[in-house]
Amino acid sequence: MTQALEAPAESAAPAAGAVLQRRRLTGGRFLHIYTWLVIIWLVLPVLVMIAFGFNDTPGRYNQSWNGFTFKWYGRVFGIEALTEALIISLSVAIVTMLVAGALGTGIGYALGRYRFRGSGTVNLVMFATMSSPELVMGASLLTLFVSLGVGLGPVTIAIAHIMFSISFVAVVVRSRVLTLDRSIEEAAADLGANAWTTFWRITFPLILPAVGSGMMLAFALSVDDFVVTNFTAGTTTTFPLWIWGATRVGLPPQVNVMGTLIFMVGVLIAVLSSVRARHRRD
Amino acid sequence: MPPSPGNLPDPALLRGLTQRRLGRRDALRLSGLSALGMALAACGVEGQGEPAASAPPADAVAKYWTGKTSTKKVDFACWPLYMDPEQPELKKFTEETGIKVNYQEVIQEMAPWFAKVQPQLAANQPIGYDLMVITNGIQFKQFKDSGFLAPLDHSKLPNYAKNAAPAYKEEAFDKGNVYSIPWASGITGIAYDPAKIKRPITKLADLWDPAFKGKVGMFSDTQELGNFGMMVLNIDPDASKADDWKKAAEKLKEQKDKGIIRNYYDQSYIDALGKGEVWITQAWSGDVFQKNVSDGTNFKFVIPEEGGTIWTDNMTIPVTAASPLDAITLMDFFYRTDMAASLAEYINYVTPVPSARDQIRKDAEEASGEDKESLEQVADSPLVFPTEADYARLNYYRDFASAAEQQEYQRIFEPIVLG
Amino acid sequence: MRRRLAPYLLVLPGGVWLLLFFAVPMVTMLSLSLQQGDIVNGYVFTGHWQTYVDAISAYRTQLVRSLMYGGIATIVLIVVSFPVAYWIAFYGGRRKPTYLLLLLLPFFVSFVLRTISWRYILTDDGFVLGPLKDSGLVGASFHILGTPFAVIAGLVYNFLPFMVLPVYVALERIDPRVVEAARDLYASPATTFRKVIFPLALPGVFAGVLMTFVPASSDYVNSAVLGSSSTTMIGQVIQAQYLTNSDYPTASALSFTLMAVLLIGVFAYARALGTEDVMKVAAR
């Protein structure tokens, strides 16, 4: 993120600067308030979700507010089927993260580092997977599995998740690889290292943070996925699928608690990584 | 028209006709297209069923059941509102046999349930359940014809043989009860909130009353919807043909186009009624009673003058079940008079065990106050023990002679729900 | 020799995976759309393209409706997101990453859970509409859920970051000296915006449209949770055909049609701007 905006403001002529300041203030304040309104609107359902994790419901389900309690945090794993669904979601996400991480890094590195025939096609396919409607990807996978007669389950879910995550990992890795300083690699080669050693000891550590973000992105996409999973799961239930199925009868507070916890973990990771990034820069 | 191997010209012919050497690229492209054509043709979906076969060969039962042992666990897939949440019958079962039951209310509507488990059953994979309760309709036939249901060993069903009503041993949809035994029977009628609707509701035509605009619910299941569409026009569903279905579909479309419908529901109609989203809706007999008891509401259920639909939900065992032996033990357990009575007392659906009625009367004598009153009501309720006269007013789901007929029916009614 | 093999070897595993599980399924879907039969007895490829005609004529309304909702949602998104992206890019200062994080916050909650929370908030007698009805500000039978408004609002809500981020990226890249130069030349703020800022932000807007129109038009969760049978979108129809009716040929025909319509739109778009530009912005 550039800090370029600060510099020109200082170097502008005082008169124009003052005029600019005044204009910026009025326009700026209105936009400022507007932005905050949008942020509040965005966060509203999240607050509702968190709040209802503390609801002292008389029965099993959340209907209306009954009072504040911490008890659901103690009973978070009280519903067996829900806990199982969460475990399946997390397991699939971990597998996705590792496999898509590996496959995507390969593609991203190749696209960033080399110019080769077919790179256009690869780019196109990646673009297609990222912009294809999830509905169509899920539905077509269902037709594949049905035509092959292989049934559905956690394996088919993982296959689907890996498929749509590869491109995202590849894009992240590629942008990092594009900015790599080749001279370091050349120096290593000059010092007698072969391509393999150069890669593992020089290049890989440099792109590791990007690979890491790519993997985390794959993890997040996998845990949250609903549409594609709906088509490839069969009777297996993942966390989002369980929630979807439960909305008819009513959502138990445990769902809110789990959602809140996942949310907190996600926020924590995001905050930590941005703090780390800022430290690095300083 | 999409290319297929049939109408692509032979590359050699093209070469001759155009007097130009086909480049490698062109040849690749052409062969690519023909490869595509072949690929398209190669993707078929294996069929599972032989529709003609209804009774399995005599040794199928023996073949299926040899070697099956108890795993002390049953995964039971059922509908919501089909058991007391405290699960007293299941607890008693575990107490007496040591077999644990994992009861999951995962079935909300028949069609999605079939669609969900079909790919796994077709691949001979377990679906995670040993026992499932399915309704006698299109999907039951699909399950049966696809060979997804295990043939039952009636030597393991002594209580059923002893206690089941004769009528429930002669069902048309499963002659000889080869694959299923009934769980409960129910009636589709109309439920409404008397607090919001001041006049008494007695007719199917009331569901079309513009006074209730935007507050009417109907089922999304095409068989339920179709039956009501036909009955309101005084068409007998059993004898109906494609023309009748189209007329019924027109009538249902009218209901929708006039804005009378709030939405089409599966089992969740009862929550919509509870929340006030709808004031009057197509409904299943026992649900309303249970809702009133659990939530203290005052909804009413009526069998309309023009008629209602009667259906039977049946216990079946999917072929890939991990513990069919324990499942069949559980099935028989519910045919004990005391267990059948206990279940009927809570769910208020028609029980296949006639002796349960006396049991309920006995429980009523031993109870007092409110409990006594409600138990007496159950014992006398036409919704739990219908009379001959009641049965005369009720219709079954339309039975289809062929898959093509059934597809035609569905394609006429689906767009109403999906539109 | 080894040098030239390296990129191909690196791309191979991922490429094969995408080929097997992205490209091949499209072929099987196309194939299934041309098959006949039923779920019990199996389907056979017969090249029966009448399925397309039947399916599209039966569900034409939903298809058009989906494109319309998707289009309206996208336009609303541009209008809603632009000021936010603008403010963060030009006035965000040091806090830019924080603001971007705040915008992304809701996306740490499962998509389904977020949408269901909205249903909860907007329910007929809930804590928003209840008091409004009690105080007489709205009629007793007023409802938000089940209306196109609710569905489009849901779409806008769920796709906001996909519009804000690309627009932000494009705006952030604008050299502030260009803006200054415009001002120095006596351009009013309105003119500066119209003639300098907006055109420079356009690639971002286009990338945003690309990333929102397609998923919004094919969405079915928002309509299923917040809508009613009068707002049914083609996504719901396709999902129902696969997962309720087991009518694979019809479902596949509709799915393929939807994809074709959207893909043609996308490629026409990408052609109009040059894919590189779009991909660059989209990659951020």
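Here are some notes:
Every chain is named by a letter (A, B and C) in the order it is written, and numbering of its residues begins at 1.
Note that in this section a residue touches a chain if its C-beta (ideal position, glycine included) is under 8 Å from a C-beta of that chain, and two chains touch if they have at least 3 such contacts.
Bear in mind the structure is a predicted one, so any value in this text is a computation, not a measurement.
Contact topology of the protein chains: fully connected, every pair of chains touching. Across the two candidate interfaces, A-B and B-C, the one carrying more C-beta contacts is B-C.
Centres computed as Cα averages put chain A at a distance of 17 Å from chain C. Chain centres here are Cα averages; for chain A and chain B they lie 39 Å apart. The distance from the centre of chain B to the centre of chain C, each centre being the mean of the chain's C-alpha atoms, comes to 35 Å. Of all residues in chain B, those touching 2 or more other chains are 43-46, 116, listed in ascending order. For chain A, the set of residues touching two or more other chains reads 142-143, 146-147. Of all residues in chain C, those that touch two or more other chains are 28, 31-32, 242-243, 248.
Residues 27-28, 30-32, 34-35, 37-45, 47, 49, 58-59, 61-62, 123-125, 141, 146, 228-230, 232, 236-237, 240, 242-248 of chain C are the ones touching chain B in the complex. Within the complex formed with chain C, the residues of chain B that make contact are 1-2, 4, 36, 39-49, 51, 109, 111-112, 114-116, 118, 142, 145-146, 214-215, 256, 261-264, 275-277, 403-404, 406-407, 410-411, 414-415, 417-419. For chain C in complex with chain A, the touching residues are 2, 4, 6-8, 10-15, 17-18, 21-26, 28-29, 31-32, 80, 83-84, 86-88, 90-91, 93-94, 96-97, 99, 101-106, 108-114, 116-118, 120-121, 127, 157, 160, 172, 175-177, 180, 183-184, 189, 210-211, 214-215, 217-221, 225, 235, 238-239, 242-243, 248, 251-252, 255-256, 258-259, 262-263, 266, 275, 279, 282-284. Chain A makes touch with chain C in their complex at residues 1-6, 8, 12, 16, 20, 23-24, 27-28, 31-32, 34-35, 38-39, 41-46, 48-49, 52, 65, 102-104, 106-107, 109-111, 113-114, 116, 118-119, 122-123, 125-137, 139-144, 146-147, 159-160, 162-163, 166-167, 170-171, 174-175, 195, 220, 223-224, 226-227, 230-231, 239-240, 243-244, 247, 251, 255, 259, 262-263, 266-267, 270-271, 274, 278. Listed in rising order, the residues of chain A touching chain B in the complex are 60, 80-81, 142-143, 145-147, 149-153, 234-236, 245, 248-250.
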